[in-house]
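Lettered A, B, C and D in written order, each chain numbered from 1.
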Amino acid sequence: MQIAMIGLGRMGANMVRRLLRAGHECHVYDVSADAVAALVAEGARGAGSVEELVAGLEAPRSVWLMLPAAITGDTVSTLLGALSRGDAIIDGGNSSYRDDIDRAEVAAAQGIDYVDCGTSGGVWGLERGYCLMIGGPDGAVARLSPVFAALAPGVESAPRTPGRDGEPSPAEEGWLHCGASGAGHFVKMVHNGIEYAIMGAYAEGLNIIRNAGAGVRKAEVDAETAPLREPKYYPFDGIDLPEVAEVWRRGSVIGSWLLDLTAEALRQDPHLDQFAGRVSDSGEGRWTSIAAIEEGVAAPLLTSALYSRFASQGSDLFANKVESAQRFQFGGHVEKQQ
Amino acid sequence: MQIAMIGLGRMGANMVRRLLRAGHECHVYDVSADAVAALVAEGARGAGSVEELVAGLEAPRSVWLMLPAAITGDTVSTLLGALSRGDAIIDGGNSSYRDDIDRAEVAAAQGIDYVDCGTSGGVWGLERGYCLMIGGPDGAVARLSPVFAALAPGVESAPRTPGRDGEPSPAEEGWLHCGASGAGHFVKMVHNGIEYAIMGAYAEGLNIIRNAGAGVRKAEVDAETAPLREPKYYPFDGIDLPEVAEVWRRGSVIGSWLLDLTAEALRQDPHLDQFAGRVSDSGEGRWTSIAAIEEGVAAPLLTSALYSRFASQGSDLFANKVESAQRFQFGGHVEKQQ
Amino acid sequence: MQIAMIGLGRMGANMVRRLLRAGHECHVYDVSADAVAALVAEGARGAGSVEELVAGLEAPRSVWLMLPAAITGDTVSTLLGALSRGDAIIDGGNSSYRDDIDRAEVAAAQGIDYVDCGTSGGVWGLERGYCLMIGGPDGAVARLSPVFAALAPGVESAPRTPGRDGEPSPAEEGWLHCGASGAGHFVKMVHNGIEYAIMGAYAEGLNIIRNAGAGVRKAEVDAETAPLREPKYYPFDGIDLPEVAEVWRRGSVIGSWLLDLTAEALRQDPHLDQFAGRVSDSGEGRWTSIAAIEEGVAAPLLTSALYSRFASQGSDLFANKVESAQRFQFGGHVEKQQ
Amino acid sequence: MQIAMIGLGRMGANMVRRLLRAGHECHVYDVSADAVAALVAEGARGAGSVEELVAGLEAPRSVWLMLPAAITGDTVSTLLGALSRGDAIIDGGNSSYRDDIDRAEVAAAQGIDYVDCGTSGGVWGLERGYCLMIGGPDGAVARLSPVFAALAPGVESAPRTPGRDGEPSPAEEGWLHCGASGAGHFVKMVHNGIEYAIMGAYAEGLNIIRNAGAGVRKAEVDAETAPLREPKYYPFDGIDLPEVAEVWRRGSVIGSWLLDLTAEALRQDPHLDQFAGRVSDSGEGRWTSIAAIEEGVAAPLLTSALYSRFASQGSDLFANKVESAQRFQFGGHVEKQQ
């Protein structure tokens, strides 16, 4: 079917490629003329502006946005001016689901369908397919199902869950209509919250193994360092972390795609010397914890993962200074130099 | 090669089967004569006592224990009385790595090798193979390598990590000599700590999605319940959790074996009505957090996962009562009835 | 000076009493005519409606609201219709500081000052005085300073901080102009977040002491319960908690008013049998954690305290069921009955 | 009564002074002759060695140790060789309660009483008195009660808990016999765990207030930084933290001695520029969390406080690098420079 894509970065361009391979007719636009040209060379139809892009489509039009969250809002406004009743906007970026709810309300007043599509797969999606979590009106989602099916990995990308047979459900193909506008990004948001925690779980565990030789390292003897009560139980200096990550990939309970990536990273750079340990967070992790709090639902793991990232960014410095100051006040403790 | 197995429960019996299939000569013993008989019928050689088992082996003997942690210590003592210099004991159960360190010291004084082997794979190991994390003397581990290779899943059970080629390392086959006695159970312990956190991450995320309709449920209006500031952002009642778990299995960043199992559990029983939510913990999770604390290494995720299990067991009841009592004291707040 | 109070519940009525004692002229209104009558008997001037209340005041008028958060918004709207340029509204309740920011904007457009006043002190405030955290325009806050001074505890209620001498600052009297409208409730919000964590700290600590006899209690011997490695280190059954709370009140580093209340609660009911352990949360704790997340600042303690309350309310039940289901899937573990 | 003190550092010397003031006969020893001389000048009787100290005492002897935990064990061994049946050793330092249990067993075999005394009060104890948490045999504790009474702050140091009247209990005087040997340090250990959490609670809260102007600071616009959805709600740049800490000291629910110290620290140095934010931990915090874990009791706040200290010491660097590496692997995300 005919589909337009605005935003041809890492994600958008590869999604167009995957759609072209499946035989869909792709119209593309980006602020970078080079990005447009590259895809035109691969079979897409290019446009020089949003208006030109829209003008080239047949009704009902479907325009997919793959843009940084900060720009999406303005582009949606532009599009709402250019589209007509019955058309659909699909936001496949990392928008807050709250923006979807607000924008869908505005779009619906014009008879335009607003579809949000949380997209997971990263730089690997072209090859592996994208996992799609979708919110929006039933009719629009149904009309767009060939697009979703082309982007999704397909049922054969994982063994079927025992007990599922017959015609695979869309979820088994790798795309799911989760509910009304916003529901797709809501599920994707939680997905990312879970992702943070799984990443953090491996990170903490590997760090514990890396320090398993604490008993044989020269202990500092001073009043500010708690001595190890039984150093004989921490003799394991130098456990081979790349091999540990590798062995867990086969037969263990904790095998996962994130473990595969961890094993690859450790193989390339066993001490990860190229990284400084400043971990960014990109919004969904924050929003997931906020949703938990507003729902009154405990999420200690997901929020701990987020807070560890904040701490890695240095934002707890003042809090730590307060504690050092308190210790100095009540005990005369002077801070230890590193 | 010749190997003896003591303990023919769910794990031990299946490991013997996997070893028999690989052509190894298995001598078996269990307190249950039926368990012995069942494996004799499948080709193992049975014994009626530990002494008889040992008597039937050629030196250097290799005796593998697959027993509950509470019984392992006594059996090791018995074995140390029956074995000779150059023999090896392998503990494949869920012992604390500290017990390994203590026992290896005693065994070494008699010239007996003590090998600890953390084993992951659960009830699925017979089919999938077992992930083996091993500690102990180099010579003994080398001598036992055909046994480890037979139990492990083999390199073909997962795609090779990019950059690894040529002859697969043992870790790529699914078994790893991690270090001295105790190192195997140490790595297995941390593996379980990670497992708790990954399980908890999915659990918390799914719970947040399950409550995404908080804005449309009848809110209680009283001074003891915090009202939702913007209920319009929690309209998603009834998102289909079995389908969400399913869609995440294909193409997403959070695909894993634990997710596969979660999807299967939700398919069978979407509301998990058969469970009461009392989550047991079996030791390794506790020991992992203790190791982090003694090493001076932060592990907020792994410990949160553990504490959530404790709370599910009801152990925080008194702490909660203290807070209710404090609220009553300073604000006259009376506890809300459920 | 002349001040009007709307809302004569536990907090509002006592604040009027404290103002009357200081010689201020108090005009009062409440939906309950009895509440009005009670204070009229103590020297206040009563009104039968908001409009009547406003009509009885001289410009510039000052109307203080002490209402449940859910009602405050409507009352502000009513007041904005009745008041005139130069008047002031003071919200002393538990409103979100975000509502203050929104309402101050509306009020400012009419030339009305909006002052928010976070109030701590609970049922004890009449006797001890109230700690006041204030936001709003400089002029209005200055004009109202006699009211704040009368409500606050006064400098003599605590020893002066070393290094502070001369004329006490308002903060030393117990009231502080924190910043623009909303800043008062922001600081009060964080105050409550801290309060949750201090309460939780005592609660957790007392619970650990209560379980210090874990080594002498009959341990359950089954595969689903982690055995205590060294029970000899948990012999302290029956440590007297009311006396522990009492001894900490004198000379220790952790003395506090919340500890005083805890000691009193434990003296009255050592096992806290009258409480069920269902701990309510009233909004500020949630908003504090949300503020931390939006600021990108780690607050693991404050959020843990909140999540413990959520868990006490039963909201983690489904998450726990997911973990039990996962354990059943991979290990065949059947849930333990309580 | 007659009492000997070994260890005349900050704590030990001041305790001797407090005992002398109460009229007790103090025999003192320290490796520093100057420290001994200083107290002799104030009325104590000095000794040049442990043996000389013991020789100068009448049976039954009472020797109090106020030493770094690392040295206490050896001194106890020396003392056990010098003392006689019926004598008592009191360890007032920061030993692990597990050492008490082990040492009391050895001492009891010689008929010597082992008393452990957790001591809180820091550098302020001389003036305020010490809070004493005591474990050991009934007879020895009773015999030493005049010493405990002299060191403790006395009932008048805090208002009596409502409902307590008549003769004050020892706990009301500031000392408590908690149970058998080790129980004193156990209660003191938990006290310190609570202390960490209360300190952390203020630290986190003040940090949130310090960042309340996040909406008016120039936001970085890039894909690696989550944008603030509603910056209008974070306009409070520059709230005066020293004044906030001060106002909370009067009338609020969160008043405490640690808050008093925090207010003093902030008064001296509002931005705490003299501190680097590297917070030490001294053993008890670790042991408290380990006790919680071994008891199977959740302590998320106390452990979070500990982990925040670990993170401030830089021990989570490798874990953070793992997460940065994972992000690079799946999304091509390059770490942001500070």
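Rule of thumb we're sticking to: contacts are C-beta pairs under 8 Å (C-beta built on N, C-alpha and C of every residue); 3 or more make two chains touch, one makes a residue touch a chain.
In UniProt terms the chains read A, B, C, D = Decarboxylating 6-phosphogluconate dehydrogenase.
Source: prediction; values computed, not measured.
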| item | value |
| --- | --- |
| Chains touching both subunit A and subunit D, listed by label | B, C |
| Comparison of A-C and B-C by number of C-beta pairs in contact, larger one | B-C |
| Relative to subunit B, chain with the most remote C-alpha centre | C |
| Centre distance in Å when subunit A and subunit C are each reduced to the mean of their C-alpha atoms | 37 |
| Subunit A and subunit B, separation of their C-alpha mean positions in angstrom | 28 |
| Rounded Å distance, subunit B centre to subunit C centre (Cα mean) | 43 |
| Where subunit B touches two or more other chains, by residue | 98, 122, 200, 202, 204, 207, 211, 226, 229, 253, 258, 264, 281, 286, 294-300, 304, 307-308, 311, 315-316, 319, 330 |
| Subunit D to subunit A touching residues, read off their complex | 10, 68-70, 96, 98, 122-124, 199-200, 202-204, 206-207, 210-211, 221, 223-227, 229, 258, 261-262, 264-266, 269, 272, 275-283, 286, 300, 308-309, 311-312, 314-333, 335-338 |
| Footprint of subunit B on subunit A - complex, ascending | 97-98, 101, 120-122, 125, 128-133, 152-155, 157-159, 161-164, 169-176, 178-180, 182-183, 186-187, 190-191, 193-195, 197-198, 200-202, 204-205, 207-209, 211-212, 214, 226, 228-229, 232-236, 238-240, 243-244, 246-260, 263-264, 267-268, 288, 291-292, 294-302, 304-305, 307-308 |
| Touching residues on subunit B, where the partner in the complex is subunit D | 253, 281, 286, 289-290, 293-300, 303-304, 306-308, 310-311, 313, 315-316, 319, 330 |
